[in-house]
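Both complexes below contain chain A, partnered by chain B and then by chain C.
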Partner chain A sequence: MLEKAIVMAGCAIGAGLALIAGVGPGIGEGYAVGKACEAIGRQPESKGDLLSTMLLGCAIAETTGIYGFVTGLLLIFVAPGIFINLL
Partner chain B sequence: MNVDITGARIYFTIPVFGGIPITETITNSWLVMLVITGLCIYLTRNLKVKATSRRQIIAEYLVETAQKFVNENMGEKFAYYGPFIAALFAMSLLSSLLSLFGMYPPTSDLSTTMGWAILVFVLITYTKIRHGGIGGYLKGFTQPIFILTPFNILSEIATPISMAFRHFGNIVSGGVISTLVYAALAVASKALLGLLPGMVGQFLSNIPILQVGIPAILSLYFDLFTSVMQAFIFCMLTTLYIANAASDD
Partner chain C sequence: MKVQETVKKETMHIAVGTLLLTAVMLLVFLVLGRLDQPVVLGAVLGSGFAILNFFVLGLSVQKSVATGNATRGKLMMTLSYSLRMLVMMGVVVLGFALPYFSWVTVVLPQLFPRLTIAGMQMLGMYKPEKKGEDEAAEEGERAE
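And then the complex of A and B:
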């Protein structure tokens, strides 16, 4: 029983820690959007190009956050089963 | 109260080759394919040289938009990728939008997005080999210096994995957060309306009133915006990677 509790607690804490990965993309995307706003302010006629480029960049910057999220999902839904079977 | 977050449910298993499970992903993908095929057949009936019907104008607009997208991102010499990119976009968009109807979107299964990403990876490798030959393709791994070969191989493998996980993660995160908020709103409305005195509070606290409306705003972002965005980004990355594979660098 105690072992199971420790495994579950470890997985839950790990999932929480994995989601810290969301901080980086948040800051990065905010910076990118800010710069895009500046650029649109300077050259309003290039809004269409800037918008698609910015969204693409944001999507790529998001990748690390998504990795963290997938790790969190694995830790919550998959890892406890595997580790409890190992006990 | 329980929160139910599951993957694709398995309907039944075909007992060949050690059992092929038929899941919600497969049935819903076939549904999407049927819808797309039906839409194409409907839009392209009775085509005239000069568009007279509203249907034909919509069809022409869709085809021209897709072709323009491909021509802008890949150049004229890759114009034949237009139908492929359009099919990928339509499939991805309609699959993700299935969640609007409360059905399981096939794109929130890693198998679907991984399949597409591997398809794109094969196309990238094919384009590289066709453009530079086998020798050029292998030599590309040792650029700029020989020591970097393992890292080049890693980054080559990381391309399809990151594409698949990006699409999968965005759709799944929307589903998970929607489910959690939906469940939390039920608890919140029970606690909030339970504060009312007497029979009224007891009666009202059994009806999750807060669940009306608020999830729709979330759904607007997670279902509509994310679906369109991810379909666009997947196609954009596909075109860019394939066009980049054929460029001299």
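And then the complex of A and C:
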């Protein structure tokens, strides 16, 4: 019983730590868009190129958050069953 | 709000790449003899949401840039990211919780847009500018 509780607690703590990874991309995307606004203010003719590059850049940045998010969900839904079966 | 041509074009690229990779994923399931209804339904949900997520990201970027205000754009983008992640959490939890979907095929397509962009980079469709080149150009302008 105690072993199961420890496994569950470990998975829950791990999931919480993994989800911290989701904070960074949000801040990064916001910062990038802020800088893009400033750049377009200086050079309005570069709007098209800038939008395209930033769109793909934001998608790449977001993947890091998705990795952490998926890891967290796997720790909540899948890992406890596997670890408890190993006991 | 009118959707800009750039957003439509990039969403189309990502959609094609995601659908191709989803087809490859289903092919692997078929080869392994695991292709059943939950796998197909999960793939439809996962890939559909991945494409929709990218399109909404494009709309958010377009809207944030259109504000012209750095602080407001920053806040809008952060809010959009949080909301999109929240909806993604709902979709993926559905994939885990409901027996109608296979969670593997719901989760994997969320990573396909990144793989598509990597593929585009390899094919030369999208080349991020090198920092060195930018700095050299700036230095050249200063010298002139």
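Throughout what follows, the second predicted complex is superposed on the first by the 87 of 87 C-alpha atoms of A that agree within 3 Å, B and C clash if a C-alpha of one lies under 4 Å from a C-alpha of the other, contacts with A are read in each partner's own complex, and residues count from 1 in each chain.
Keep this in mind: a residue touches a chain if its C-beta (ideal position, glycine included) is under 8 Å from a C-beta of that chain, and two chains touch if they have at least 3 such contacts.
Values in this document were obtained by computation on a predicted structure and should not be read as measured data.
Participant: Have a look at where A:Thr63 lands relative to chain B and chain C in the superposition and call it first, second, both or neither.
Facilitator: So A:Thr63 meets both chain B and chain C here.
Participant: Given the touch rule stated above, what does A:Met8 touch, chain B (first), chain C (second), both, or neither?
Facilitator: In the superposition, A:Met8 contacts neither chain B nor chain C.
Participant: With the two complexes superposed on chain A, say which partner A:Gly26 touches: chain B (first), chain C (second), both, or neither.
Facilitator: second
Participant: Given the touch rule stated above, what does A:Lys47 touch, chain B (first), chain C (second), both, or neither?
Facilitator: After superposing on A, A:Lys47 lies in contact with chain C but is clear of chain B.
Participant: What is the contact status of A:Gly34 with respect to chain B (first) and chain C (second): first, second, both, or neither?
Facilitator: A:Gly34: touches chain C, not chain B.
Participant: Which of the two partners, first being chain B and second being chain C, lies in contact with A:Leu73: first, second, both, or neither?
Facilitator: The answer is both, since A:Leu73 touches chain B and chain C.
Participant: Quick check on the superposed pair: does A:Leu55 touch chain B, chain C, both, or neither? Answer first, second, both or neither.
Facilitator: both
Participant: Quick one: name whichever of chain B and chain C touches more residues of chain A.
Facilitator: Counted on chain A, the partner with more touching residues turns out to be C.
Participant: Residues on chain A in contact with chain B in one complex and with chain C in the other?
Facilitator: 52, 55-56, 59, 62-63, 66-67, 69-70, 73, 77
Participant: Within their complex, state which residues of chain A touch chain C.
Facilitator: 22, 25-27, 29-38, 40-41, 47-48, 50-60, 62-63, 65-67, 69-70, 73, 77-78
Participant: In their shared complex, at which residues does chain B touch chain A?
Facilitator: Residues 5, 162, 165-166, 168-170, 172-173, 176, 229-230, 232-233, 236-237.
Participant: Within their complex, state which residues of chain A touch chain B.
Facilitator: 52, 55-56, 59, 62-63, 66-67, 69-70, 73, 77
Participant: Would you tell me which residues of chain C are touching chain A in their complex?
Facilitator: Result: residues 4, 6-7, 9-10, 14, 54, 57-58, 61-62, 64-65, 67-71, 73-78, 81-82, 85, 88-89, 92-93, 96-97, 103, 107, 110-111, 113-114, 117, 120, 126, 128-129 of chain C touch chain A.
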